[in-house]
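Scrolling down, you'll hit the structures one after another.
Shared chain: subunit A. Partners: subunit B in the first complex, subunit C in the second.
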Partner chain A sequence: MIELSLTQAIGYTIGGFLTLCIFSFLYKDNPLYKFAEHLFVGTSAAYWFVTFYHNIIRPNVINQFKEGNYWPIIPVILGIFMLFRLVPSLSVLSRMGIAFSVGVMAGYQIIRHLETNILRQMGATMQGFDKISFTAGNIGNAINTILILLVVIAGLVYFFFSVEHEGAVGGVAKFGMWMLMITFGATFGYTVMARISLLIGRVLYLKEQWWLSIKYLLGI
Partner chain B sequence: MSFWEKVNDLDRRIIYLIIGLTVFIPLLFNVTMESKPTQPVENIYDKINSLEEDDVVLVSFDYAASSLPELQPMANAVIDHLFRNDIKVVGMALWPVGVGLGTLVMEKKAAKYDKEYGKDYVNLGYKSGGLVVIDSMGGSVKKTFPTDKDGVALKDLPIMKHVNKLDDFSLAVTLSAGDPGLRHWVMVASDKFGLPVAGGCTAVSAPQFFAYYNSGQLLGLMGGLRGAAEYENLIDVPGTASAGMSAQTVAHLMIIIFIIIGNISMFIIKRKKEKEKRK
Partner chain C sequence: MRKAVGVLLFLLLGTVLIYSSSDVSSLKVRDVPYDGGGKLVVSWNITAEEEVGNIKIFQKINGEDWKLYKSTNKLVDKMKDNSVNHKNSYKYKIEVYDKEGNLLFTKESKTITPGVAFYNVGKTAVLVSLLIIGGLIYYFISAARRGQKLKIRRIPALDSLDEAVGRATEMGKPVLFVPGILDVKNPQTIAGVLVLSEVAYKTANFGTDLNVPVSKPIVLSTANDTVKEAYMRAGRPDQFNDDMVHYVTNDQFGYVSHIDGYMVREKPAAVFMLGAFYAESLILAETGHSIGAIQVAGTAMPSQIPFFITTCDYVLIGEELYAASAYLSRKPDILGALKGQDYAKLLIMIAIIVGAIMTIIFPEFHFAEIFTDIG
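Moving on, here comes the complex of A and B:
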């Protein structure tokens, strides 16, 4: 059983009310939904502003300046330049900040992406071919290894548009399309699970915290 | 209007209501359902069981309130398991809100297993930069995070005495809702520094991360609420994920039924229209 203080009970009650306001949109758009939506956007913006100030600007800029380290002035200037997109006559300056951050991250990430998402994944797709065995107990693994390679090739052929998808190429491309559909189906299943999980989270909140708060405030 | 035409034109609010009830009723009556653990989840459990008492595990809380229903049960289960096995835990976050959510879990479980802050566990807090932060930790954890979330110098904390680089951790577990998160831990901690990385992610992103698990870049993976329920089942500590799986299952069944009915009605109406055209 959760023990509540008065402030917690009030907070949970407001949270429950706002949750119901948001759910009311499922019936139709209404002023209660609009109220909750605008409140959410406003408080989120304020929360993130304060969070970023305390976690990024204060330790990385203000505290650094206080300690006599003035190098952060460079990223600060580039950051301010980005805001110049809002001033048409100075918007060209914003490109400097954007170009710098895109350039640095591209240079930094390209090697890691190449290794993690291309080389290692290619290796994993082809691995096991040297150890393929159709002896008892290994047939499942052997079929799996061959199937993975075939599906990957078929998927790639589907996106290869330099050759017309006719005859054998067309057949492979069609097989690739079916495999893609199965993948999308699995992804859709997971997406449904994620959305239902969020609903479960809200229902559990209403059932536990909110209901307890109501009982606490009513003295039941 | 025939029956199937009525079905085809069904007010979507009725479907919302049915889905709402299928979720609400099992939760109201506390209907529980056992989730049989799968290999990706079991791998994490086995790895933690294989660790020694002096081992230190890094847990990164890379999520915010929007994915709390899926990832907080995972955090609860993993931290519970680590503390129960007397393994030291270093928490951190690549998402600002993750600090508070991680603190909630660690303090609750520390109270349960009588763990001491600074000696048995610590929360390093949030650092912006994502991939760069992980890379920097590979060189020096103490330079990346000079202090914990409360401003205490890491050199003054007993738990950090033998932890200097990422290599000094026995395992990294990241609970990730997006970027920065699990993908970056695989890219840097696993692929560059060779640290075993296990993860928990939202169900939406699970299919893309199973590719890393299959290639061996990821030690284990908990995908969505089901992954969390499986871990709760393994450690025999039922939590909100186990409670939610019954509702999840009934809701999925209902959606499958809706899809089948929807398709049947579509085909019947289509056939009827073709017949009318031929006449």
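Moving on, here comes the complex of A and C:
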């Protein structure tokens, strides 16, 4: 049995009410959903504003300046440039911040992606071949290793844009597409199960916390 | 006096002999040279008169308490510790136990701080592949700029763009474009915004309303500039207004609830969802499907593609999203980059096949480690 305080009971009741407002969208758009939607958008926008201030501006700018570190002035200036969008004659300056941000991230991520998404995957595809053996007991692993190689090659052929998917290339690309679809099917099932568990969590919330809160507030 | 010196020499010799007899087992730690300061090699060689049951390896960081790092029963072995950082100092200890779990002896290593090299040899494979891929892209961009025709295969989902915008025009309803929920630093968002440019160009030509809700302030700025430029390119700057692209909220589900509400109220005839999506993909696509909109989606998020496939009319899978802007705009720079990446993929396929064959023929060379053992 959950022990409730008045504050908790009020909080759970509002939470349950808003959950039902959002669920009412399953029937059709209605004033309750509109109310919850606008409340959600408004409060979340405000919440993120406060979060950004406390997690980014205060530790990285204000506290740094207080400690005598003035290097953050550079990103601050780039950030202020973004606000120049409001001044038509200076709006071109706003692009500098975006260009800096995109350029730095592209340079930073290209190395990471090259290493993790290309080179390591290439190595992992080859790795099984050092122990490949078609003797009894190893045949399953051998087939698996060869299948991984074939699927990787077929997948790459599917995403090859320089030639039309016709003839032999088309056949390999089609095999790649089938493999992708099998993967997507498995992912779909897995993710749907995760979503169902979220729904169960929400229904349990309504059944336990929310219902208890209502009984508490009504004095039942 | 001579007696005293004799006794002293005897004690000294005895100590040395005792010390060396117990030092049959060894624990060594060494820094991996020419790396980024993130690797140490710990090796041990245990020789004990009793039968050894278990060996526990402990790690101490910056003189703090010992923490169990690994347990093993291998008497002679080495391990690479990739969890270290050049800003910390490390010390290792082994505890050797017999079969009954009684501690036989312990051994400690020297304290070591991983060194950082100017050039990380382990990353050579990354540098070489970066130069090859970069070189290919540069070559094809130059070729495209010189006017060389670069062919790209048909991407059916992108041929539907005209159909989708045309349908919205005929029905007199707006076009909705969702550029995902990540910031403009993410390549998927950039790809989405590049496609937005073409969609906006078409809505400008057809005189159709366009609505672009965004969840990140910097995407707001970028998408706004993109749409404005597209309307100017189409010769219809008068039709552009700043409200076409508008910020909603950074919150994932707040953003989704707004778009869902918009969809059921305004009933856009065409919905484009191109960018990075997470759990909101199915919520958005299912609502779009329920209002009967023609939906074109594209993302490189593997876990979200299945949801788009089940609910949308056309889907750009993974890299097709990045190819979309080249396919639509036919700009030499983007076409050249796509062509360069294509040839890089061809090299990757060849490298994988050759690597697999080499691994079968010469398994002792561990060919795959060139790609997996990156510093």
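As a working rule, the second predicted complex is superposed on the first by the 206 of 220 C-alpha atoms of A that agree within 3 Å, B and C clash if a C-alpha of one lies under 4 Å from a C-alpha of the other, contacts with A are read in each partner's own complex, and residues count from 1 in each chain.
Following the convention adopted for this analysis, a residue touches a chain if its C-beta (ideal position, glycine included) is under 8 Å from a C-beta of that chain, and two chains touch if they have at least 3 such contacts.
All values reported here derive from a predicted model rather than from experimental measurement.
> Does subunit B (first) or subunit C (second) touch A:77, or do both, or does neither?
In the superposition, A:77 touches no partner, neither subunit B nor subunit C.
> Using the touch definition from the top, say if A:56 reaches subunit B (first), subunit C (second), both or neither.
first
> Please work out whether A:196 is in contact with subunit B alone, subunit C alone, both, or neither, and reply first, second, both or neither.
Touch partner of A:196: subunit B, not subunit C.
> Going by the contact rule set out at the top, does A:129 touch subunit B (first), subunit C (second), both, or neither?
A:129 sits against subunit C, while subunit B stays out of touch.
> Who does A:101 touch here: subunit B (first), subunit C (second), both, or neither?
Once the two structures are laid over each other on A, A:101 reaches subunit C alone.
> Figure out whether A:163 sits in contact with subunit B (first) or subunit C (second), or with both, or with neither.
second
> Counting touched residues of subunit A, say whether subunit B or subunit C comes out ahead.
When the residues of subunit A touched by each partner are counted, C comes out ahead.
> Once the shared chain is lined up, is A:120 touching subunit B (first), subunit C (second), both, or neither of them?
Both partners.
> Applying the touch criterion given at the start, work out whether A:187 contacts subunit B, subunit C, both or neither, answering first, second, both or neither.
Touch status of A:187: both partners.
> Across the two complexes, what residues of subunit A are contacted by subunit B and by subunit C?
109, 115, 120, 123-124, 183, 187, 191
> For the complex, which residues does subunit C have touching subunit A?
123, 125-126, 129-130, 133, 151-155, 184-185, 187, 190, 217-218, 221-222, 224-225, 248-251, 253-255, 257-258, 260-261, 264-265, 279, 282, 302-303, 305-307, 309-310, 317-320, 323, 327, 338-339, 342-343, 345-346, 348-349, 351-353, 355-356, 359-360, 363, 366-374
> Quick one: in the complex, what on subunit A touches subunit B?
Per the touch definition, subunit A meets subunit B at residues 26-27, 51-52, 55-56, 60, 108-109, 112-113, 115-116, 120-121, 123-124, 183, 186-187, 189-194, 196-204, 207.
> For subunit B, which residues count as touching subunit A in their complex?
Residues 13, 16, 19-20, 23-24, 27-28, 68-70, 96-97, 126, 128, 131-132, 183, 186-188, 191-192, 202-204, 206-207, 211-212, 214-217, 223-226, 240, 243-244, 247-248, 251-252, 255.
> For subunit A, which residues are in contact with subunit C within the complex?
The contact residues of subunit A facing subunit C are 22, 25, 28-29, 33-34, 36-37, 40-41, 43-45, 47-48, 82, 85, 94-95, 97-98, 101-102, 105-106, 109-111, 114-115, 118-120, 122-127, 129-132, 149, 152-153, 156-157, 159-165, 180-181, 183-185, 187-188, 191, 195.
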